[in-house]
Structures are given as structure tokens and as C-alpha cells.
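All chains are identified by letter, namely A, B, C and D, in their written order; residue positions are counted from 1 within each chain.
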């Protein structure tokens, strides 16, 4: 959905409702579990996104606003140092209280206050809060994706391997048969990178600047599960020369032999002890439960290390984020968004002239700009309308629980 | 309650019902959480005790018995190597499925099969299963205590500090004012130790044997919170000469400055960062929530290290388990059961001539006989009728989440 | 050697010289290495034992004594809380300075001061220092054994597998062919345990007290390498029913498949990755380097867990320390000292009425009385004259780097 | 020194001799110690650089060459997967054998074989081996710097705080009084980056390519200790808003309050527990031992996190590696090499079109291109002639044991 001032209340309602819809198929227990420090309980996501509006909008701009529960500021702050101390991230799964019901009451309380604010604010106040409300909605959309990836990880840790079902997350339609990769020639030269001024963007997408590119070829489609199975069958996880040093260390330390949710003969827990079954016999765990591997689907849930090793094996490489962005509108290019986030060979560094947003939002992006890789595109779990050509997602190179895949480029 | 053959069905019903009653005040989320590897979710306790009957009684002795769900054998085995592989203990909190409802259905399924068995078994079969059923009931009673101590720990990790309320766990009546310790003279000599043959006991309580004791004095009452507060006020946690070497290492490594559930000025999480507030101003977290310290109540939730350091400070010592047992019926002695488990200065070693039970039950006690200390007595969380004079409870010396306290002895 | 007042200076010279003789075959590098936190460098042992005399004798009893280097009090205190802060144990291997030469100069400086003291002290002063000097000499003898066991561990971590050679540590003569175990009947009853008053003993050997024993049979000899190889060949390391729970956890966590210094096909480092080669083909690493397994030699370097599992497999059990001591003079019993320390089934608890020594020596034994198992006897690395019938050695149950083996007993 | 074919033997002799000269002030113990997994013993550096020549040159190109000791291939391989298994990096300090003497004999043996090769090789063979010999010499120069930084770390862990003294490492002359920073205007535009074809370079310095820069100002000098002390005095280590998220996490987890080798009142070990003494009273540990802080010297031994926080505090930023390289010849710019390596705001990513060297050298640089930051310039420990304008050094952002500092830039 598009979020803009005129329809701000409607956008607010839609985004807020979508979060609840995503949680609907989950039991109270499901919504309370945390399977690893990187992931958070559904309930926590529902409360944290609410806390964001309460703190950044209501608390700061509505005189006399009384928080729903003063203790929630401690419980549901994620990482904002400027907003005070907070509950330790690895312990979010211990919060059996407040209950799912109480969190929903918290959401209603804040939603009502937000509606009252948007309903009664004068133009001056509206001008002040609108950017914050809009930021809050995009923030909540980011957590909507995490609701799905985090519960998928939690379910992968359960030997019963339950399936998540939700009418709001439609199964990606069965992909057509993957065609051989077509290499689309890009001429390079000086290109414009970053946000060009229209519509909401995060601060890390700017400032727009010129970047000098060599020519290159980009694959018209993503790497498929069938492609990746061939890499495994060719000994991909046993050949150190294909891997970055840190990646090979992860392979050996963690015992990786396949993507985290690929299941062979032996059932692993938490994706840790997956065994390969032999070519063509893989099953893949996903939001629909355990399914036979679909060779034509984009491969997903790869770490950057796996993505880079695959590219090396394929005689190609990963695109830089600049190459990816410059090729966005190339005729014939497919699957640029809506399937999997695409690892780039770009570290998450600031653009020239980057300055964080003022105020609380300063901590939103800039302070994470070290030790992470940029991902571009968007996945099947990304809420409709959330992503765009200039969007810069980022995760550490070892992360495997996001819907992350590969598009190849090559020098020409 | 007493458990015996004639009333076996009634005993079964009562014990099984009591578990559910203990869980009743807890939400589905509460019943699913695991706050540390040593603790387990309520739901897991409810299922594991059921699995015990299903596996040891029904599966082994009812031809054609079909398990409720074959996958549960993996999920709910605790530590029985002879019964096959099992879900890793630290991951019990990840089992959002089966749900609390499904676990209750599992209990009903097994309860019905058990009733049918007890109803229809001939004398020969009954003679075979009766010891196993009885063992299973005592086993379930042990887990009833753990349901309470484990949820108390989980709640202590929640900054909201919720209280557990349950009509079945009556508040211990407000203790009378603690009197000065009266030292009860014990003459020593050769005493009989261990089970004497009547009624159910665990294998570790035998064989009964003679033991030679020196004379000693035993305190007529337990150490109180007021006593222990004086130890803290006297610098007890800062004086290495009072502590065993491993205890002092724990004090420094973990930052212990008070019992795990004593709260001073600064609220700690999971009992890790408790600060002392100054003498007389302590609050104590328990099943009734956070309460002002009651100086006359027995101090609880001490590790063996803390118990031993207190005894050293008090110019006394901890009793051996033999001294404790020999003094059980001394006139004037109080609080021997029903308040807190009492740490002894005895390592958990086998009695002379000890052999484990045959079959599956062999793993019940014997294999844990190293690295643990014996506790005697019983706590306010111990189910009625469960403990006795010869009962040998055991925990590692650093354990602080059980209801564990101190009775002093001294040489004379 | 015997240590007594009349020959105190001579005893001092002999013990001090023996330490240097043990270090003589080692290079400066060898003397400086620390292979794990439990072990210490040779150079540290040489300095620490010197610090003991400097602090406990010279500093406390010689007016105007000036320490060799005031900073050594921090570097070479081991665990005496009462004597101030100290260098962290795991970092002893980082002390490339002071050099081996400087440590030897330190020893000479202290030895000269000690000689001057013993030469000039009047009877009153001599009466005060003699017990401390004697304690210091027995303390140094304990470290002499550690010099050997610690360097053996360090060398086992080196793929070059160097041999230690020292004329002062004579190879144990080739054992005669091991005879079948003869079971020596012990009648039990009330026996006297602990020190009886003559000669030096550590405080943990008293007070002497009576102990009531059942009758039992004790093996006339130690378990041999051949015996233990049969246990391995019979799947001893793969059968959980033979192991204590903590022991089985160690087997799985550490990947134990044989004693730490037994080497099969694959060379392991630090004893971590030893593979078995098949029956009869083991090599054993020791102070003489890597040697073919001698089936008649006592098995050594076992943890308590391995010792207990072996005894279970053999249909016998480990003796209590009381049983061991009571059988010491049994006609026909062999190998009670001088081969390997013998694990007992007794936790290291205080004797009835035990009180630590006064003063600094209070920290010598008592504070370690939890979480450890008693060993009796003495090994081929124990200095001549150091051990005795009542001697109580102790180590944690997982320790494998000491010369530790097994003698069996059985109920009768 | 310059390394070229005509003078290859002379260059070989000079580089190899310089390594020994650096080791000369160190005792055998000093040369054997490893203070953390990231650092290596001097002796290991001396042997590993020798192994490089033996394996890459002699073993591969001299028919019938017999290695000095076949076991050294396992001991002294650093990270070359293609060259087989190797000794685990964290255990290098356990190698008391081979001794320092044996390592010197190893060096002589290889040096003689190298001389014979260079003396007798025909033009064809010389053409093949020359690039490998040259690579080996630059490789050894890199380890020469590590010999100094690693022993400095080891000495910092010793409470005696010994000083390294070596005539070959001349004290940097007392810096002149630092002038206020002069900002040198850079116009940006398309600049050439990377190696331009003359002389030896590492593969990561190419291919040369064009890069589009904005205009910026660069500081004419490095940040000094005096500058950095002002940052500390202004609460720099207590203000999360100045830090990257991972940096702030390191500050809190590690307790950083000053650079690793700055010492306040309390002496820390291994730089872990350094306390600040108050402004103007710092001492700094270095190769000359502990010295009063020199406010005019470039600050050194900063992590990237500290460098970035300082820049944020100073209202400036770190240069990208492209900005740094483009400004190299700016008139008036000082201290570009020879003082400290300068952290850049560039992740260590491959240049466009980068391909690793063929053969064994493929593992030299490329496989480390993730998770590291580029450093430019060179330090006082960098061997003469080793570094250059296009040189790309790299370390993880938390590394503090290298001679690493800061030059500021700012947007204009």
C-alpha cells in the first residue's frame, strides 16, 4: 500500500491490521517463543511496533499522553540508546507476561490515541508528526517480514515441523519452468544511485550521488533450487577454494552441508544437523511446512557466504549494490522483487555525504554500518508496497534465517 | 496422599489431578517457557510424566497398546538412555507444539488406558505393573515440585514479576516469631540409616545399614531470613575465608551478593544482578510475588555454597545426611519437613551395597551419584505425603532455584 | 626422604635440589609453557614453591627480610586469598619474564636466606618455623609431581611428541606378567581411619576416627592396560549404561574413545582426537615418549568417570577411601603406592571434627572439599617418601592428566 | 629495501637477516609465547616465513628437494587450504619444540637451498621462481611487522611490563609539536585507483580502475594522543551516540575506557582492565616500555570502532580508501606512512575485475574480503620500503593490537 498524508489514517489502519492478520494463525505459545537471540517472538514484534508509535509520536507530541503501561518502555525498546535502558534481547522469549491478549489491548489503546491525534491535529502538528507516523508504518512493515522469518525459524526447531498458514501470505504461485540464464549486457558509465526525492525512503538510501560503473552482464533470473542442488552435488560444501575464509570457517564450525531449511535423510533441529540425502531427493521446510524441493523456485535462506561460494562455483560473481540498482529497469530482467532478497558484494557502508536522520530516528540505520552486507530487492514475505529500487536491506554475512538468495553477474 | 495397591486407581487419579491443578493458574504462554537449561516448561512436565506411564507401563505391559503420538517418545524422554534418543534439554522451551490443549488430550488418553489396565488386569499382571505405577506416581510428584520451582524461576526473569496463585499451594502460615536456636544434644554411636522395609522408597534410600556417628548438637530450627540478613550485613559475600573455593569462584564469577530471589534497590533479571539495599530493607520474590522480607521465615533458595559459608560464619557447620536422619525424631526438633530442603555436608554417594533398580528404572538415581550434594527434609512445594525421613534429594552445589535452606549442627 | 627437625637443613637441600633436577632436561621454552588452565609451567612451579618459603617463613619470621622482587608476590601466589591478589591462573604461560635464569636466581636468594635462618635461629624461633618449613617441603614435593604431569600434558599437545628424559625419574621397571586378580577378603567392622600422630601429615588426614565397614573383597593388584583394552574392545566407550551421567556427558561432549594418552591410527593433539586402532595395536604416550602399549602395566591417566565405568563393566566397583586405607597392610596386596594414584568412590569430604590448620595454611586443603574425588596411594611421579597410608589426594572427576588408575573391590 | 631480479639474492639476504635481527633482543621464552589466538610466537613467524619459501619455491621447483623436517609442513602452514591440514592457530604457543635453535637451523637450511637455486637456475627457471621469491620476501616483511605487534601484545600481558629493545627498530624521533589541523581541499572527480604497473604489488591492489569522488577536505596530519585524550576527557567512552552499534557493544562487553595500551591508576593485564587516571596523567605502553603519554605523537592501537567514534566526536569522518589514495601526494600533507596505519571508512571489498593470483598465492588476499576494514599508509613497525600509496592493509574492526590510528576528512 502507499502511505501518504491524505490517506495517513487509512494507511495506518491497514498496516496495523496486517500485523494482526499475520499473527492470527499462531497460538499464544507460538507468539511467545524466541528460537535464537537474532529472532524475536511475534508478540514482541506486535508490542515493539506499538511502542514505537507510543514513544516517538504520542509521548513526544501529545501533551498529557499517559502510556498504557510505563513498564513497557523497558520491555519493548529494541536498540534505541537515546530512549533509555531496555530488556536484554536474548531474553525476549521469557516474557510470558504481558500475554498476547494484553499486547492486543496495548495495540488498541495506542491505535485509539493515534486516531484521536490524526483526527484532531492542526496542520502544524500534523506536519510535525506525519514523517514520524510514516516512519513508524514502514518500521512496522519491516517487522511484519520478521514475524514470518522468525516464526519460520522457531518452527524449524520443532521436530514436529509445523506449517504456518495464513490467507494473507499467499503461496507464491508455482514458478514456471526456469529457463537457462540469459546474460543482460549493462554498459556501465556514470549512473545515479540512491533516492531521487519522491516518496518515503529510509535515510540510508541517500543522498543520491553519481557512481562510475564498468560494463557487466547481469542474469535475467535468480539462481534456482535446482541450480543450487547441482552445486551441492558437485561437492560445493567440501571445497574450500570456493569459499571466503570466514565462510569456510562457518562451514566447518557449524557443519553446514546444505541450506538451513533443506532436509535430507536425517531430520535436523534448528537447521543445525541437516544431512544430504542425495541429488534430487531434498525436501525444503517453509511457511507451508515440509515440501519436496522445487527445482524451479529461487533458492532461499542462504548466507552471504553460501551465495558467494555458489557464484564462485558458477564462474560468476555477486553484483555490487550499484550494479544491481543500475540494472533494475533492464528489459527482460525478472524476479527483481517479491521472491528473495538478493545478496550483493557490497558492504553496508554509508553513501557519500550520508547523515542520519535527526532525533530518535538517528539510530535507525547509520549505527549499523559496519560488518554487514547489503541485500537488494525484496522477498515473498516483504509486505506489498514496502520495497523499492533504492531500498538497502542489510544482514551479517552468516545470517541464514531471512529469505535470501542470489542473482549472478559477470564481467564482460 | 498414601499410594498403595488397594487404592492404586484412586492414588493415580489424585496425583494426576494435582498436576493439572498446579498448572491451572498458568496461561498457555507461561506453561511453555523455559528460563534456563536446568528448568523445564510446565507443559513439558505434564507431558513427560505422562510419557513415563505410557512407556514404562502401557507400552511394556499392554499388548497392542498404540501410543497417542509416536513422536512424543522423542520429545518427552528426559534422560533415559535405554529408551532411545531424545530432544535436547535446553530446547524444551521451543516446543510451542504440541499445544497445552494437545498435552491435556495426551494426558486423558493415557489416563484412560491406565484406568482400563488397572480395571481389567489379573493378579499376575497387577503384581508386575503395580511397582511401576507406584514409581510413576512418585516420579510425577517430584515433577510437581519442579513445576513450581521452574515457573518461579521463569517469573523471576520477567521484569513484571508476576505472582503465581493457586489454591492447591496454600501459603505457608505466617511463622511464629523465631526463637533463639536451641542446640539438641545427639549422642552418636552406631545408628541405622536408610529404608527399613515398609512402604515405597526410591532405590537410593537403601540398603539400610549401620553407621557410626560421633556425638553432636543439632539446631532445633532452620536458619531464618533474619539470621541470613545478618550474615550479609556482616560482609558475608565479601569474605573469601568463609567460602569453599568453588563457592568463592561462583560469588565472583556470578556477582552474587544475596540469595537469588532477594531484591534490593536495583531490580535484577533472572536473579543475576540483584543489589543489596541495606539491612532490613530486603524484598523477596516468591510464588506470591514480591514481598517484604519476613525475618522469621526460613531462608530459602540458597546454593550449597551459600549454606556452607553461612554455617562457617555462624561458627557451626552443616549436618551430614547421617546426622540429619539420626536426629529426625529428636524431641523438640522443628521444621524437619515442609519448609525448605536442607543442604547436608554429604556428597551424594551410594550406600554400601547399593544396586540400582532393574530395567528402565536403573537410570532413576544411581547414575547421578557424583558431583551432587544430598538434601534432606522437604519443602513447602513438596506434594503432601511425598517425602520421608530417609528421602535423599540431591542437587549440584551451585543450584539456587530450588527451595533450599539450612539447619546447623556443631561438634560437642 | 624423611623430613625432621634434626636433619631439616639437609631435607631442605635435598627437596630443593630435586626440583631443579626434574627441570634439568627441559629447555627454557619447555619450562615456560602452559597447555591448559589446570596445568602450570615448570618455571612457575619452581618460583611458586620458592614464594611459599619466602612468604610463609622468611617474610613472616625474619625481621627485616627483603623480598627478592616485590612483584613476585603477585605473580607466584597460587590461591591464597589471605595473601592478597594474584596473577590469573590461566595466564601463567604468558610470563616469559622473569626468565628461567631469573627464577633460578630467585631460588638461590631464598635458599641462602633459609640456610641463614636455620643456621642462626634459636630454639624458640626454630620451634615456630620448623612446622612451616616442613609444610613447605611437602608442598614442594606435591609440585614436583605436577612438574612431571604438567609437562607430560604439554608435550602431548605437540605433534612432535617429544620425550622427557631425566635420570632422576627412573623408568618403572618392566612389570612382571600380570596375574589374574586375586580377591583378598576384608572382614570389615570398626576400623581406625586417618593419621595416628607420628610424623608429618596434612590437615585433611585427620582427625583420626573410627569408621564402620562392611566386609568386602579387594583386588590384590591394579587394573592393567590389557584389562582396560578389553573394556574398550567390548565397546566400553559406547555403552551409556556403564557410565555415570556426568561421565557419559563428558564422553559425548569431548569425544573420548580411549584414555587421554592412548594413540591409535590418527594422531590427536592434546589428547583430544585420539582414535582407536583396533585391539592390541595401541601406543601410549608418556614421559619416555610414545611406546607400544604394555598390557601388564597399570592403566594410567584415567578420569574418575572412566575408572567407574570400567569397574561397572568388570562387575565390581571402586573402593571407598576407608576400604582402601583399611586394606593397606593386607598380606598379598600389591601396588598400593608407587604406580598410579587410585580413584576411590569417596567424595572429598571433611573427616568428622576436621578443622583447617591455623593461619595461612588454612587454605591448604579444607576449602577444596566439594566437587572432588579422593585418590589414594601414590604414583611413579610421586617423590620418594612423600606419600603414606593415610594420604588423601583429590582431583575433579573429569581430570585425566594425572597418573591415575584403578583398583577394584567387590561386595561379598 | 627494493626487491628486484638483478639484486634478488641480495634482497633475499637482507630481508631474511632483518627477521633475525628483530628477534635478537628476545629470549627463547619470549619467542615461544602466544598471548591470544590472533597473535603468533616470534619463533612461529620465523619458521612460517621459511616454510613459505620451502613449500612454494623449493618444494615446487627444485627436483629432489628434501624438506628439513617433513612434519614442519603441518606445523608451519598458516591458512593455505590447498597445502593440506595444519596445526590449529590458537595452539601455536604450545610448540616448545622445535626450539628457537632448531628454527634457526631450519632457516639456514632453507637459505642455503635458496642460494643454491638462485645461483644455479637458468633463465627459464629464474623467470618462474622470481615472482614467488619476491612474493615470499614481501610476505616475510609483513610478518616482520607482526613480530613486533605480537610481542608487544604479549609483553602487555605481563605485569612486569618488559620493554623490547632493538637497534633495528629505531625509536621514532620525538615528534615536533603538533600544529592545529590544516584542512587540505581535494576537488574530487574521476581518479585512478590501484596499482599502475611498475614494481611488485599484491593482487588486492588491482586492477587499476577509475573511481568518481566528491570533493572533500583532508587533515594534513594524524590525530594525536593529545587529541584523543580530549575525547576521553569529554566522556567519549560513555556516550553511545558517538559509536557504531557493534562498537558500543564492544565498549560494554570488554569494558573499554581507553586505548588498549593506555594505563591509568590501575595496572591492567593484557589491556583488559585499564583504568583512566584523569586527564593528562596517562602512560602508554609500547616497544620502549611504559612511557608518559606524548600529546604530540599520533594516537595508536585504536580499533576501527574507536577511530570512528573519535571522528564522530570531532565533527569529521574517516576517509574512504579512495579519498586517502587520491590525496597521497597533496602538498602539505604529512605522516602518510611510517607512523600508524590509518583506518578507512572502506570495507575490504574486491576492486572491480579483481581476480586472485593463480596457484597457491590465490589464498593470499581474496578469501579475506569480507568483514574487514581497509587500512592505508604504514606504521613505524612496517619494514622500510614495504608499503606504498596503493597498499591495502586490512583487519577486523575490533582489532586493537596493531599500530593503527586516525586521519580525518570532512565533506566540504
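Note that in this section a residue touches a chain if its C-beta (ideal position, glycine included) is under 8 Å from a C-beta of that chain, and two chains touch if they have at least 3 such contacts.
Owing to the predicted nature of the structure, the values given are computational and were not obtained by experimental measurement.
The minimum number of touch steps separating subunit A from subunit D is 1. Centroids built from CA atoms put subunit C at 57 Å from subunit A. Our note on geometry: subunit B versus subunit C, Cα centroid distance of 37 Å, whole angstroms. A straight line joining the Cα centres of subunit A and subunit B is 45 Å long.
Counting only residues that touch two or more partner chains, subunit C has none. The chain pairs satisfying the stated touch condition come to A-B, A-D, B-C, C-D. Contact residues on subunit B toward subunit C in their complex (touch as defined above): 79, 81-82, 190, 209-212, 214, 240-241, 243-248, 304-305, 308, 345-347, 349-350, 352-353, 362, 367-371, 373, 397, 411. Those residues of subunit A that touch subunit B in the complex are listed here as 27-33, 35, 71, 74-75, 87-88, 91, 93-100, 154, 157-160, 162, 269-270.
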